[in-house]
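Two complexes follow with chain A in common, the first pairing it with chain B and the second with chain C.
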Partner chain A sequence: MHTKKLTWPNSAWAILYKDLLCEFRTRYALGTLTMFTLVTLSGISMTLAGAAISSSIAAMLLWIILFFCAMAGLARTFVYEQEAGTLFTLRLYANGQAVLAGKLLFNILLLQLVTALLIPLFLIFLNIEVHLWGQLVYVLFFGTVGVAAVATLTAFMVSCTNAKGSLFTVITFPLLLPQFLTAIAATEQILTDMIPSWNECFFLAGYDATVIAAASLLFDYLWYD
Partner chain B sequence: MLNHRISNIITALAAVGVIYAVFFIVPPVEGLGEKVRIVFFHIPAAWISVMAFVLSALWALRYLNTHQIEYDRKSATAAGLGFFFCLLATISGALFAKITWGAYWNWDPRQTTIFILLLLYGASFALRTAIHDIDQRAKISSAYSLLSIVVMPFLVFVIPRYYSSLHPSPVINSAAKIAMDPVMLYTLIAALLVASALFRQLFIYYIERTRRRDLAQKDSPEGGGRL
Partner chain C sequence: MEHSVTVELVDVTKYYENKCLFRNISKKLLPGECLTVTGPNGSGKSTLLKIISGLVKTSSGKINLRCNANRLISPCERAKYIGFVSPELVFYKSLTGYENIDFIAKASGMAALPEFIMASLQRVGLSGQAHEPVINYSTGMRQRLKFALLLVLNPPLWLLDEPSSNLDTAGKKLVADLIHKALTRSTSIILATNEAEEANYAHQKINLA
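Coming up: the complex of A and B.
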């Protein structure tokens, strides 16, 4: 029997490919998250009934939708493995860092896709005009990467507990608050046609780098018994 | 045990001394009057809540490196006491805010920071109670505690930028000058020392109690799967 030992990046790629394939077959996470954004957004838009809202409220609503959307779907990456009984197999075959990288990339891709679907609808439903597209894409990208990084680690923590759904939001929210507040402030500036300061841009990227490094350092402690 | 009792007595006497100083020696302050006395309970409570948070993370790191359950016990006890002092700091701060600013809560940067600290403490307890296996619980709670302390400096940096503050400057301000009456300053230092001693005594008491309970559960016929 031919056996081939996968290198670390190949293992991470294989895990990402497996998750994408599972998602493509079931379309569970993407379907749920898309419907979640649609339901929330239509609820807000119907309540407003065409009334104009300030940039600060719009920025806050956008990030609240994104946050709860992430909370509705990102825990699944590990909880699904736990429920299907495949987490143990994954432990046998893959290196901890490769699992983290694969799952993190999957969560980042999923959240980016949902953001790409949400933004046009958000702008249409709430009648908002954006002129600083480059800055908006930067803030959305780095903001959601931070959400995905924290959520991937907390999703693994939650998969080992007895209270999966509600606990995920409870333990993730306080950790995400610095990124959340900065992203809201930067988005508010973009929606009022002001370019966010370098401090905010560095902060968003710095937070992402720090939490990814911390997740990488801590994940091996959790992954190996 | 005898040493612990002697330390208890010394701490209790020191606490009585500080309470006496706060109510009978410290002079009323212009503008705040007698209400300034809340500060001598509020600042030590806030100090202990932050110190306990850091200690809890340090013991969490030691647990992850050694896998000795004793460090997880210390981490959990420090977090439990930290939560209690954090609650005291939040309540005393809200009372002081009502007296001086006219509202219990206005999302001042320091109120926001202490609130997030409460959320982090609360979240770590929720996580801890949701895991039954002792080793698994210790491992996951330690990782969460360390992740929280990594994020905390970002909060300290970000929150003062987005919320305007009415909170008085720290005792030792950015110009490295101590802006406080000497009697008040010495009383505050004494209050901080007594609060730290109180934390130590409570910490030793709870650690001992948890250790005894764990041993009793281990010796019981069921064997004990949870704390």
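Coming up: the complex of A and C.
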């Protein structure tokens, strides 16, 4: 036997590995996201000129940067495949669930990496002290997983249209609004040294699980139709 | 290859922006047979192949793919049974030829042994360029790479859209040899072409003129 059968999680892993390898060689998405983060953060920092800002404004700014970072880079997962012509190859040969899982994991990793770069710079530039690190990591992790999950699904939807760039943000924002507002509220409490409520923490994780389950159910219709 | 595929086209009609590309095409292709699709540019040859692959919908009519002349293959299973050589099949330019084949095989649900991939690349004359990025390949080399992929996946149904395009004389001979051998192994082949030599493989023909 020259070949052996693989299950779809193995195929998903192959898709993730391929995306990481392509990204490592081209550094297209990571470069875009990093530059967007640095430019936005520098702009905010220079505008504030060392002035103190409230926790609510800081939390809002943090999530706005993360949201637009995601909008700038995460659509690439499918739009780039469409523009390069490789989406035809992928649709021809790959299992829909494997594609969704592989692309979702790639987007989650990418956004987590950018978040890990953003947070120290954000705290230094805006002169913010954090004491509840565990809670902050929790909110950032589950918040960005939700952003990545919605962005992965909408990225594939808009890759099949002509107005890719504008549609992506317009479709993604309303879907993310509940997660976005909860993440901002939880972050605001953390920055004022208050532990976020269980409701908020549960909502963030529950929203992620719901979006991933819904994406999994919907994706086959989009992929095979 | 463990299975054979029978292809049934039942009254297949396709309109594109109110223009009728083809109407009421009905054919049945058995394992080991070759169906050629001919016609001028824009007549819908590539579209018909994409419809059979499941990538494009018919306007009316249906395509039935049957495994071992019996079980109907569902749309989400089609990838395992179909190999498509098409000008629209594009490889990842930053990956090497070897990596592309390895990835596509894994994405389609099979892991191929490295020596098998290398043997397939050698068969199409690309063993020396196996570890070069595809961006450095000429169009003819990319066409050969599509056949190396086909050899690794070894599907029971081959859809070949202008398979000899961009190939030199040796490449065309290679394609002829691969088609001939595939037919003896009960592979079903649907071939869209305007080359008279390729049209000679036909057991059945569709002319979209």
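FYI, the second predicted complex is superposed on the first by the 220 of 225 C-alpha atoms of A that agree within 3 Å, B and C clash if a C-alpha of one lies under 4 Å from a C-alpha of the other, contacts with A are read in each partner's own complex, and residues count from 1 in each chain.
Please note the rule applied: contacts are C-beta pairs under 8 Å (C-beta built on N, C-alpha and C of every residue); 3 or more make two chains touch, one makes a residue touch a chain.
Values in this document were obtained by computation on a predicted structure and should not be read as measured data.
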Problem - First, second, both or neither for A:N127, with chain B first and chain C second - result: neither
Practice task
Could you look at A:V170 and tell me whether it touches chain B, chain C, both or neither (first, second, both, neither)?
Solution key: first
Practice task
State whether A:T210 touches chain B only (first), chain C only (second), both chains, or neither.
Solution key: first
Exercise for the section: Mind working out whether A:S54 is in touch with chain B, chain C, both or neither, as first, second, both or neither? Expected result: neither
Practice task
Tell me which partner A:T182 touches in the superposition: chain B (first), chain C (second), both or neither.
Solution key: first
Exercise for the section: Identify the partner contact of A:S42: answer first if only chain B is touched, second if only chain C is, both if each is, neither if none is. Expected result: neither
Exercise for the section: State whether A:R91 touches chain B only (first), chain C only (second), both chains, or neither. Expected result: second
Exercise for the section: State whether A:T192 touches chain B only (first), chain C only (second), both chains, or neither. Expected result: neither
Handout entry: chain C partner contacts - residues on chain A that touch it in the complex
Key = 2-8, 10-11, 14-15, 17-18, 21-22, 25-26, 84-86, 88-96, 98-99, 220, 224-225
Fill in the blank from the handout: Within the complex, chain A is touched by chain B residues 64, 116, 119-120, 122-124, 126-127, 130-132, 136, 139-140, 142-144, 146-148, 150-151, 154-155, 157-159, 161-162
Exercise for the section: Under the touch definition given earlier, write down the residues of chain C that touch chain A in their complex. Expected result: 53-55, 57, 75-76, 79, 82, 84, 86, 88-95, 99, 103-113, 116, 152-154
Exercise for the section: Spell out the residues on chain A that touch chain B in their complex, using ranges where they run on. Expected result: 150, 153-154, 157, 160-163, 167, 170-171, 173-175, 177-179, 181-182, 185, 199, 203, 207, 210-211, 214-215, 218, 221-222
